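Both complexes below contain subunit A, partnered by subunit B and then by subunit C.
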Partner chain A sequence: MKPDTVLSVKDMHTVFATPGGTAHAIRGVSFDLRRGERLGIVGESGAGKSALVLSLLGLVEPPGRVAGGSVWLNGRDLRTLSERQMRRVRGKEISIVFQDPLTALNPVRRIGPQVAEVLLMHGDLSRKQARERAVGLLADVELPEPEKCYAAYPHELSGGMRQRVMIAIALANSPDVLIADEPTTALDATTQAQIITLLNKVIEERGTAVVMITHNMGLVADFCDTVQVMYAGEVVEYGSRDRLLDRPAHPYTAALLASVPAMDARRDLPLPALSGLPPSLTDLPEGCAFAPRCPLEGERGLCRTTRPAPRILDGEPDRMSMCHFSAEQLALTS
Partner chain B sequence: MRRTRRALLRGGGATVAAAAVLGLVVAAAAAVPVLWPHDAMTTTFGSILEAPSLAHPMGTDGVGRDVLARFGEGARISLLIGLVAVVTGALAGLLIGLTSGLAGGAVDEVLMRVMDALMAFPTLMLTMAVTISLGSGLPSATAGVTIGTIPWFARVARSETLRITALPMVEAAVALGMGRARLIRAHVLPHMVSVLVVQATATYGSVILSVAALGFLGLGARVPTPEWGAMITEGMEPALTGAWWVAFFPGLGMLIVVTCTSVLSDRIRDVLDPRGSFSGVKGVT
Partner chain C sequence: MSRFLLRRTFSAVLTVLGGTVVAFVVMRLLPGDPARLVAGEFASAEAVAEQHRALGLDEPLWSQYLIYMADFFRGDWGFSYSLGEPVFEQFVRSVPATVELAAAAVTLAFAGGVIGALISSYSRGGPLDAAVRASSYIGLGTAPFWLGLLLLIVFFERLQWLPGPEGRLSSSTAAPPPVTGLHTVDALLAGEWATLGDAAVHLILPAVTLGFVIYAFLVRMLRASMLELVREPYILVARSKGRGRWGVIVRDVLPNALLPAITVGGLVLAELLTSTVLAETVFGWPGVGKLVTDAILQQDFAVVQAFIMISACLTVACNIVVDLLYGIADPRVRVRSS
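Now for the complex of A and B:
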């Protein structure tokens, strides 16, 4: 574990019991998050991004369960805490911003009390102090006329303003880790940019580490320091943003990046797309989960029989790829 | 609040009329026992079965008591018992439904099967059974009627609890560390109040009818008590000899109260249901 690590996930396994058998949603995910680091987690739908969030927060409910692993935050394993203790961790040490701010806010209550509430839940402020801090937080997230917003109902605010409120709520107790679960997906493009600028500002002030769950590569490029690519419940590649985006070492990352439309792409050529679907989580292939779709694989027996181990790339510390032929993939892009 | 009130009144003639007429009955319940010179229990043998006149607008009954005075007392009894039964039934049902919905599993299963068992009886049969087992009289009639309403409230409260706890905002609140007590206070209750209010107003009329039915059968209010159901029993014999007014006015009272509350509960549902269209309500953008 690196010295300034705030969150350390070790060999997390999460499964869901389904009528079709056990679905392995998270299969041995490990990562460390340093203070102030911004980690992007990307992957297509069903890759296990949301299951990972739930597992971190201890919110996996039956028929699902966390089958193994540990989540270290501030020196203790969250998996060993009781529900009561865990409740004090959520929203205080580890917090979350959701995708859709409209459904995450209570429509029949005013904005202010909903912000003040998270302060009251986790601290011993008086109502008056909580109110003052809540107004301060609304000002921090650059809402115009915070006093007025305090007394407004969610439907009176725009989508961007609502997301600002959600950020204020999430950061109210200055958590060590903020999970941002596709925080801009429900917003239009200009608002997205404003929200990201704001998020940059407020987390920098607080030194908060961020786990950004997204499938927006542009957002990763703009916002994140490090990137983790998930596929079928595994982290298939990890590395610093620049290295990973410039020189993907896993064929899945390469395929993902190739399918991002570029402004200067030739219009007469079809956009490259990765054919096939992710494997069923109840019936995973024996070897590499990506082998059936892999453009690199061809007919190599090794990929079909042996699950690749996460390997550190030569000469690149803090860089991991879960592919037998990473060197070959790197050679393709350099 | 003001918006709700305005929306209620905008419901058109029927709503306003229902509210006004119900208001008259409530006023009668409040004012008649205090202001009307005749007493509901004083018998005057000189004026037996007098037809409605200026001195006795609703006539007098078989022992010379003023029917208007008794009507006013009866309105008091019916409206109050209805209120007590509905409020108690709603609170008990809310508690059961909330527990059921939040606990789930075996607790939910047991509570709901008990409610199902209660609902398997026709409401009046259940009410009568409870009343008889407690000994007849107004208090046991109230208890019987209340128990009859509990399963309906419990079912509504449970389904609302399940609906609300599945909302993303509750998921978000839990992810931010909200505990169960605060969850109920901040999210669950505010979102089901309106549904319970609608259920309560709809139940109110039928509760009043049940109490009167028990009184009529001699299981609820006992005979000299000026309860509407008991008054109808007393008025049956005079009615055979043409003195229709003794039974007619308490019956009319019930008809008015039940009709008006059902019109109002329909309107309240329209106004409180967020999915309904509030035509012309400003501020909803």
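Now for the complex of A and C:
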């Protein structure tokens, strides 16, 4: 663990009991997050991104459970904490902005108290102080007329405004780690850009480390320092944004990047898409989970039989790829 | 808001009028001549004809209706020949008893329903949840009069913890000075603690009997909507703020689940005020239900007709109150109607 690491996840396993058997949603995910770092986690739907979020917060509910691993935050393993202790961590040391701001606020309660309560729960403020702080937070996220917003009900605000409220709630106690779970997916393009600008501003002020869960490669390129690609519950590639986007070492990453439409792409050609579907999490293939869809695969029996070990790429520190043939993939793009 | 209220009141008045017309016509279509009943079995034809005229039965039907309605709103609800007194006075006497019983039943049912639903959603799938669900099935499948008899056998006859089917008070207890007509409230106002206790213990069994079905219905509905709401993203947000499971259920889930319960509650109350017949009969409770059953058996038209009028007004009134309450409780409705 590097000295400035705030969050360190080690070999996390999360499973869900389903009628079709045990679904392995997270299979041995490990990563470190440095203070102020912005880590992007990308992958298709069903890759385990949301399960990872719940596992980090300790909010996996039956029929799911975290089956193994550790989550180190501020020097202690969150997995060993009691629920009571965990409640003091959530919303204070680690908090979250969810995907859909339209459903993330309680419809029958006013905005203000929903912001103020996270302050009241974690500090010994008086109601009046919490109210003042909450109005201040609403001003911080650049909501016009924060006093008026304080007294408003969620349905009286637009989607973008509500997402600003969610950011105010998430950052109220200046957490060490902010998880942003597809924070712009439900918003229109203009609002997306505004929300990202705002996020940039408020986390820079506070030095918050961010885990950005997304499937939007453009957002990764704009916002993140490091990127981690998930496939079927595993991290298949990890690296700094520039290295990973320019020279993917895993064929899955390469395929994801190839499917991003480019401004100068020829419009008469179909967008390259990855064929096939992710494997069923209840019935994973024996070897590499990506092998059945892998464009590199060809005759390679190795991929079908042996699960690739995470390997550090030669000459690239902080770079990992979980593919037997990373060197070949790298050679394709260099 | 006021326009909404105006429109709502207008349609309510129409509904009540429609209900009274139907009731009036149906009552006239029934076999049996009220004049004959009033005059007596052995009265002469002339006496019956005389009575016919006195009752206004020789007028055309529409004119009878208008006279009746005009009298009704002036407080003249006709004369009950079977008991030999004005119908209005009978209702004044029996309505408070029913209101007291219904209010107690609904209060018990709501308290039980909310607590049961909270327990159920907290321990979903556990033994407590199973117990709550079982109680709900039992409540929905049990006839109230049978439950009433069962409760009497257990708590009155065997255990002797609670009084038997003797009405609202023990024979040795005098009624408190009437203010509201509700014995418990009147006793409280007068500071007569012994009377209050006596009225309260007399209320328990009938209220439980009447409230159990409502509880069963409510707990089922609340539990279902709470288990649905637990999956809402804002519940996860509340959890991610550091609120505990119980706190989330009480503070974030329950307020949302209570909205549909308001609707149900209003309908149930309207229904109750007019359907306490069986429970009142079992417990000798001198309420509207008992008054009306007796009147039907005696073919006392005036009483039955007044009862229909009151039922129509009450049902419509409860509906309006529900709409208003809903508007207050749900901020989304508030905006739409203003």
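Going forward, the second predicted complex is superposed on the first by the 334 of 334 C-alpha atoms of A that agree within 3 Å, B and C clash if a C-alpha of one lies under 4 Å from a C-alpha of the other, contacts with A are read in each partner's own complex, and residues count from 1 in each chain.
Everything below uses one rule, namely that contacts are C-beta pairs under 8 Å (C-beta built on N, C-alpha and C of every residue); 3 or more make two chains touch, one makes a residue touch a chain.
In this text, all values refer to a predicted model and were calculated from it rather than measured experimentally.
By the touch criterion stated above, A:Gly91 is placed in contact with subunit B and with subunit C alike. Of the two partner chains placed by the overlay, subunit B and subunit C both lie in contact with A:Val118.
In the superposition on chain A, contact of A:Lys201 is made with neither subunit B nor subunit C. When both complexes are overlaid on chain A, the residue A:Asn106 reaches subunit B and subunit C alike. On subunit A, the surface patch touched by subunit B in one complex and by subunit C in the other comprises residues 57, 59, 87-92, 95-96, 98, 100, 103-109, 117-118, 121-122, 155-156, 169. By the touch criterion given at the top, residues 57, 59, 83-84, 87-92, 95-96, 98-100, 103-110, 117-118, 121-122, 153, 155-156, 166, 169 of subunit A touch subunit C in their complex.
Residue ranges on subunit A touching subunit B, taken from their complex, read 57, 59, 87-92, 95-96, 98, 100, 103-109, 117-118, 121-122, 155-156, 169-170. Of all residues in subunit C, only 232-234, 236-245, 252, 255-256, 259, 329-332, 335 touch subunit A in the complex they form.
Within the complex, the subunit B residues that touch subunit A are 167-169, 171-179, 182, 186-187, 190-191, 284-285.
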